[in-house]
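Both complexes shown next keep chain A, but they swap its partner, so chain B is in the first and chain C is in the second.
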Partner chain A sequence: MNYVSLDIRIGVSGVRQISTKRVKFHDQVAGLLLKEGAVITRVGSQLTSPIDHKKYVHHSAYIKQVLADTLTVASDSDGPLNLCIIDFTSNAFVSVRDPLLFALADGIKESCENGLCVFFAVLLSELPGPNSSSFQQFERMKELLQPEFAVFFIPDSGDYHDFSSKRQEMPKFPEEYRNLIKIMYGDPSSKLERKCIRRLGHFQSYDPQNGTSRCRIYSYYMIDCENELSFLFSDWWREHGNGYKSILFDLKNNVSFRNVVKAFGSERDILTERIVDVLQSVDLRKAVMQIGKAVLVLDAFETGSTLNHYIKNLRAVGIEVSNEVVVCINKSGAKISRCGDNHIYGFVSRSGESELTPCLQCNLKLPFLPESHESFLRIRAFDMFHMISFSSWEPEPLEESPENKDLRYDTLPVFSKILEDFGDWIGFKIFNLLHSNPLPDDFFVIHPDEADSTALSNKLLSLFDRKLYIVKIPKNAIKEAQLAGNSWNRVVSKYQKSEWVERLSSVGDAGAIILDIFKGSGSTLISLTRLLQHFDKAPFCYVCLVDFDPGQEHLDGSAIPKHPLYNWYNPRVLLPMWR
Partner chain B sequence: MQLDPNIEEDQVHSCRTIAYFLSKYNGNDDESQKVRKILQKDLCWRVSALSVIDRAIIMAEAWYNLLPGDIKQVFSPDALRIGEFDTLMRMKKDYRDVSIVTVIECELRAVLTALGSGTPDREDMRIGDFRYWFGEIPRYGSKPLSVVVTLVGERRNVPCAIAVEQLLSNFDTKLLVLVGIAAGPKEKVKLGDVVCAKKVYDYEHVRLEVQRFFGLLLKIARPRPQYIDVEKEIETDIEIYDDKRMKTYFRELVGKTDQQEIRVISDNFEPSFHTGTIAAGEKLFADGSLSRMFKKVDQEIRAGDQEDSGFAQVAKIKKLKWCIFRGICDYGDPKKGDAWHFAAALSAASAAMTFLKSAWKDER
Partner chain C sequence: MIQAEQEARESSLISRKTFKRSGHLIFVGTVLSDDIEDQLARFYKETDSKEPLLFDFEQAEFIDIPALVNCIATLVQRKENNLETFLGYPKAKKARDFLDVWRFAEAVNRATKTPFELFLLPEDYHYLAEQQEAYRGVGDGIDALEYNPDWNENPNTKRNFFEFTTFSSGKHDVMQTEPLFAAPRNESKRWTGALIRQVLMKHLGSEKPKDDIARVIIYEAISNAVRHPKARIIQVVSHFARKAIRDDEVNTKRTSMEAEKKKIEGSLRICVWDDGDSIPSTLLNVLKAGKNVRAFRFPLYMYDAIHVRVRNFEGAKLREIVVNQSEDLTAASTEARVLLSSLYPGISRTVDDQVPAVEPYENAAPEEPNLYLDWMPGMGLYSLTKTVLDQYQGSLFIRSGNYRLLMEMAHDAYRVQFNVHYKCTITAYPEVFPGFRGNLITIKLPIKGIT
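What follows is the complex of A and B.
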């Protein structure tokens, strides 16, 4: 049986090869939807279907054209098609607007009437609302079209909606599809682990039991993880939460989890209140007492001091508390642990932190930083030297230094070690830095193909949910271009067949973010800018971990905004100040 | 080198850190010498952006950190009183979580009573013409809030704006709160009630024009009113605030207060909590025009006073969150008197304290 699949990329202008992982995912989805035991063959285009912002904003019906072209070409060459998969899962649900789905409905109707295909599976991260106009349009279509016609809207949860006159029962489908999504995008637990970033700073936590504060150099932050937390909390509730009708929480340092817990409570009619409010309000206290045992939800568990304090005070006012406690981060070293009679269930585990007494940062009069957000886009000097204290110093590696060996740095921090120990946070800082400026609708990252830059771009890849396009330029090619006065004509011809040239040719109108570990004289930045100009691409900005030449704002006359995470005055050639 | 505070830490802090880390590379081995050189180069570049005093202090600290260990042993930082350098530095601004502004003396007394600390005649700090009182607001399960209270001493928007500006030049803070008394439209509020601003309506923005009407020259005042909204986050906190706490706390404070001052309050009096618009201009309402404004301009008006516009505008310019609590002491009509001043200020103070204690989220 033949099927065709479209990998829709909203906001992207360049056509790219559909990854083998995604092709396999489509094969497996087709396997679930088509007849059991049948031989399934994917036909048609091997490339993604981009819908850039211009088409997206001004021409929602463009999708109709994409669908018609794909189905016509595939059925002309491979005969009748049994299934068409339209995959939107690479896009955030919010970017799949209703007019687009409405136009898709028209496209599906036309394809059906023209006999190109009658079975469609639309893969989306969530189901659109039943009152949305696209949903209504699909409902109307099933009345108009032949009985074989079927459209399935399949959300990540697998609980599909069947728009067909003859409903098909597939009881095992949701679970099987959920597993495929987990394989494709990673399971929520490991995604959450990746998104839980250990930050550096000067933090202060308060122990309500003793009324004392202590300083910490680390704090944890969760980025854009409502979906994962929602999945894990619902999962926990299914297994352990039966019978409980109230949730009492203290989630002041984890806004995402607080939103998730409150939404969960309101959807299921569970009384969900802050612990502090319950302790202070007689009415709330009475309401909780009437309902029965409450489940405690906290942002972190470490020594148990806060938990014990809450349990003691809640019990003192007559509130019964379950001995099953949910925490977002369990700092006892394991996700599940015990604290006296209480079972602590964490979604992420981290090891505890040593207390800082006396605090060096307090001695230096460095201000405290809030836990709920990053105060500065850049890295503080203390954090930089803290990271360096875990690595060591080395001369600049020969293979990464300029041709003129006299310009080589005789000592630098070992950046590979810094990235190994603190790469998640550095990646997160760059992620924040990029989002602090208006990003182009479509962008890609370009960097020299060296271990440290690759380690950094991998961190970004995981923060962008693997939806980041990366082009790595071999160091040799950069050096060859530099020797030719930054002329890329011959170098590009020489490497015509290589992956990086192919990737650069396929990025469409996307803006380039040039990434580097450090900038000494700016020679790599100039070379990469010229390379982009050779391909008629616009460099959007330059991002690096350390800028050793912070005075130089615009290099080579080009006005590319520079975004270093840390400025450190140490340019390759130290010129007198008057120059 | 101009730095945006949201992008990068204070340059004094980064210089101080580098000056400290220089001491880690104080040795004569090859690596220490190389690292020291690049740290010194960076420090020289950074301090060039500092003020003369800050620059001198940082360089002195760096110099001290590079002294050989045996000299440091004899001349410890305490012996050289290096810690005293701090008093000269630019970063001498004190920090308080919340800054409370009061306009007249009875408002200050009410706030200090609600804080449970200090007396109006004994301030904790005086800088120029402005006096400051310090206190703490305990909060359940987290660190107490540190508070500074100031007194404007004079009615109207401009003196209030000057006092807030002065306060902010001496203190870093997260939230500005104005606690005081005001007139209210009797259609909506009663004496002793509290109004918390969702927006401030500055009715004084007027364009004066001359128009000819059947040959006569008429002076026309065209209103161009200005609205200043509280921040969304504060509005949310106000919405979730439970006013029962205010009522309980108010009764508690009444028990601690000189009964002569609150003689207007009956035994079963309970202030109500309102949210809405506060009209602010330069005029003291004593002619019933507040009620007319409520009926004709904005039916969300719950109070009228002479300071809120200046207060809110400074807060907005300084990008600080703000909120206003006003106790109703009269109806702005010819019958207005002073009898309710302290009681109204006390109910506003009890609302402000309980709001800060239970509803305001200082970390988001």
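What follows is the complex of A and C.
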């Protein structure tokens, strides 16, 4: 039996290969839906189905065209189609507009009437409302269509809605589909690990037991992790939380976890309040005491000083506290640990942060930074030199230096080591910097194909949930173009079959973000700008870790916004031929 | 310049006493949008509207969010016409705390591009320095959303989830406003967070899909505002209005499981205001240019019938008719009818606009590039209406041009008597009343949950 699938990408303009992982996911979904034991063959386009922002907003019926074309081409070459999978799961449910689903209903109806396919599975992270215009349009199909047809809306939970002319029972389907989704999108625990980054800065923590403060140069930060924390906290509660009716928390440095815990409590009628509020309010204290033992939830656990302080104070006012404590980050060396009689359950394990006594940053009168968020967009001088002191110095690597070796930097920070030790944070800084400006609806990253740039773009890839499109330009190609006065005609012709030309040709209207580790003279930036112009693409902005020539505002006559994380005046002087 | 202006005002002895009776609008108790408009109507009737105007909330106990948005729209309009307008703050601390936590002063500042102090009566300046006390974030999910005591100036989140958010075109300013084009996406994403999702499910009916408010209501209301001609600023604000449960009651409530299940009444109100051209004038301009506003036709059974009652500002009935969403509009159609038709499926000003050609899809048949060019504009407000009215049994209010429109489900007697699906009340404003500045959509969704 055969099937065709559409991998819908909303807000994206370029067509890309459907990943092998997604193809396997579609194969398995088709296996669940089609006849048991049948040989399943995937046919039709192997490319994604983008719906760019203009079509998304103004032209919701475009999806009808996409569907009809896909089905026509597939059935012309492979005969009647047994199933069509329309996969929206790459997109947040909130971005699947109702007019788009409404138009999809029309498209499916027409495809059934034209005999292209009569079995459709629409994969969405959740079901639209039963009274929404799209849902009603699908319901109406039963009244309108004469031939037998089947349309399933399948949310991530697997609890599908059947719009078919004849309803089918698939009792095992929900659980099996849930497992496929888990494999496709990863388990929450490993996702959370990737979202926990170590930041540099000047942080202060207070030891309530001794009444002293200490300074730290590191702090951990969780990025956009409500879904993961929600899953893990519910999971923990199922196993350990039975019988508890109150949660007391201190999550001032983790607003995502605060929202998750509050939502959890609100849903289950569990009293959920800040520890400090309970200690201050007589009425709240009475309420907690009446309910019974409370579970403590903290953003981090390290020495146990804060935990012991809270337990002591809560017990002193008559509140019983469970010896099972939940923390987001356990810094004791393991996710699960003990502190006296208390069991500490962490979702992420990280090493502890060394104290700084005396603190050089305090002596320099550098202000403290908040732990709950990044207050600086760029990198502070202190942090840059801290990273370099860890990584040491080296001459500019030969393979990455200009043709004229006289222009090579004698001394540079070992950027590869900096990225190894601090790459997550640097990637996060760039991620923040990009989001602090109006980003185009669709964008991709272009950078020289060097180890350091690749290491940095990999960090971004992870932060953008692996949805970032990256084009890496070989250093040789850049040098060849530079020797030809930054003319790319012959270079592009020479590399016509290479992956980078193919990828650059398929980005559609996406805006380009040029990424580099450092800017010495701007020659790479000029070359990549010219390359983009060769493909009729305008660069959207330029981002680098260090700009050694910060005064250079308008390179090559173009005014590309430049966003270096750190400015450090030390320009590389170039021969006129580069300009 | 601004400081000098401020000092001049402080020394100019402007106070409540200096305003004439006609320009001194006094609001008492709970202030609704209708109260603002009733008083404005009196002002416009009795004056040439050029004299200084004071919105005096001194005796107000609570000011509803549509009333605040109405106030802002009036401030913008009068400032554009170089007319002086002032605000008097409430004496009631709770009402002032509400304004503080909802960031009304910042919203005025951003909409008018004028420091709030230049609108506030000098005698009320001292209120701006005080700390709010009414909101502590203690209690249920709504309380936690209304105030996060650990907010700590975190730009990635809001101190109060429901507070005024301003989106504006032009130069992007990281800390002040968010860009206009990203408004639908950013704001709807915010409404998919764990806590707001849980609160919506609990209070608006748990059987509803988790994200339809974000996906349909927020997205479509804001994307509609973004597309209004000349829209340069959009403000979004919301409020869970429920039976007042004071902090001490919250605490007492926790001690009794019986009290914990107490049923509450109220609604979630979401206001989206933009400063663009009015909806009816935009559509009428297209019709008057001899162009079409209907993008496509559905089969007749897909259009709903609406019972429409048109009344004047004093409430007297002018017309009562039943219309069908399939009706055609012409250049002679009334502004009221055109406003209503903006909610019909497939009605949009963009029908005859230049739209980008459809890119041929990979492997598409090249000889038939325009086969599927029925591109379905004008479905956004239709989807919004369906979700608000049919799904959540809520109501939709639009203030635009010289009209306001209230759309609700037609229930029982109405449905039977008139054989209609919806009922609509359209209020025509008197001629002396200047057209509303921009467009205001207010969505009201009834609370069905328990607390």
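What we mean here is this: the second predicted complex is superposed on the first by the 530 of 579 C-alpha atoms of A that agree within 3 Å, B and C clash if a C-alpha of one lies under 4 Å from a C-alpha of the other, contacts with A are read in each partner's own complex, and residues count from 1 in each chain.
The criterion applied here is as follows: contacts are C-beta pairs under 8 Å (C-beta built on N, C-alpha and C of every residue); 3 or more make two chains touch, one makes a residue touch a chain.
Keep in mind it's a predicted model, so treat the numbers as computed, not measured.
Student: Which term applies to chain B and chain C once both are placed on chain A by superposition, clash or fit?
Tutor: Clash - chain B and chain C, as placed by superposing on chain A, overlap.
Student: Report the partner of chain A that touches more of its residues: chain B or chain C.
Tutor: When the residues of chain A touched by each partner are counted, C comes out ahead.
Student: So, A:Leu279: does it touch chain B (first), chain C (second), both, or neither?
Tutor: A:Leu279 contacts chain B only, not chain C.
Student: Let me test your reading of the model: by the given contact rule, A:Ile526 touches which partner, first (chain B), second (chain C), both or neither?
Tutor: neither
Student: Name the contact category of A:Tyr310: first (chain B only), second (chain C only), both, or neither.
Tutor: first
Student: If we overlay the two complexes on their shared chain A, which of chain B and chain C does A:Ser372 touch? Say first, second, both or neither.
Tutor: Once the two structures are laid over each other on A, A:Ser372 reaches both partners.
Student: Could you say whether A:Trp393 touches chain B, chain C, both of them, or neither, answering first, second, both or neither?
Tutor: So A:Trp393 only meets chain B here.
Student: Check whether A:Met1 is in contact with chain B, with chain C, with both or with neither, and answer first, second, both or neither.
Tutor: Neither partner.
Student: May I ask you to decide whether A:Ser45 touches chain B, chain C, both, or neither, giving the answer as first, second, both or neither?
Tutor: second
Student: Once the shared chain is lined up, is A:Phe102 touching chain B (first), chain C (second), both, or neither of them?
Tutor: In the superposed model, A:Phe102 contacts chain C only, not chain B.
Student: Based on the superposed arrangement, let me know which partner A:Leu468 touches: chain B (first), chain C (second), both, or neither?
Tutor: So A:Leu468 meets neither chain B nor chain C here.
Student: Among the options 165-173, 219-227, 255-263 or 327-335, identify the stretch of chain B whose C-alpha atoms clash with chain C after superposing on A.
Tutor: 219-227
Student: Across the two complexes, what residues of chain A are contacted by chain B and by chain C?
Tutor: Dual-contact residues (chain A): 252, 255, 277, 281, 283, 370, 372-373, 375.
Student: Residues of chain A touching chain B in their complex?
Tutor: By the definition above, chain A touches chain B via 204, 206, 208, 213, 250, 252-253, 255, 275-277, 279-281, 283, 306, 309-310, 360, 364-367, 370-373, 375-378, 380-382, 385, 389, 393, 410-411, 550, 567-570, 574.
Student: Quick check on the complex: what are the chain B residues that touch chain A?
Tutor: 6-9, 13-18, 20-21, 24, 31, 34-35, 38, 41-42, 44-46, 86, 91, 95, 139-143, 242, 244-245, 358, 361, 363-364
Student: Within their complex, state which residues of chain C touch chain A.
Tutor: Interface residues on chain C, with respect to chain A: 136-138, 140-141, 144, 148-157, 172, 174, 179, 181-182, 185, 188-189, 191-195, 197-199, 201-202, 208-212, 214-216, 219-220, 223, 227, 248, 251-252, 254-255, 260, 302, 345, 350, 355-356, 358, 361-365, 371-372, 374-377, 379-380, 382-383, 386-387, 390-391.
Student: Per the contact definition, I'd like the list of chain A residues that touch chain C in the complex.
Tutor: 15, 45, 47, 49, 54-55, 57-62, 64-66, 68-70, 72-73, 92-99, 102-103, 126-134, 136, 140, 226-227, 230, 251-252, 255-256, 258-260, 262-264, 266-267, 269, 271, 273-274, 277, 281, 283-284, 286-287, 290-291, 370, 372-373, 375, 436-439, 441
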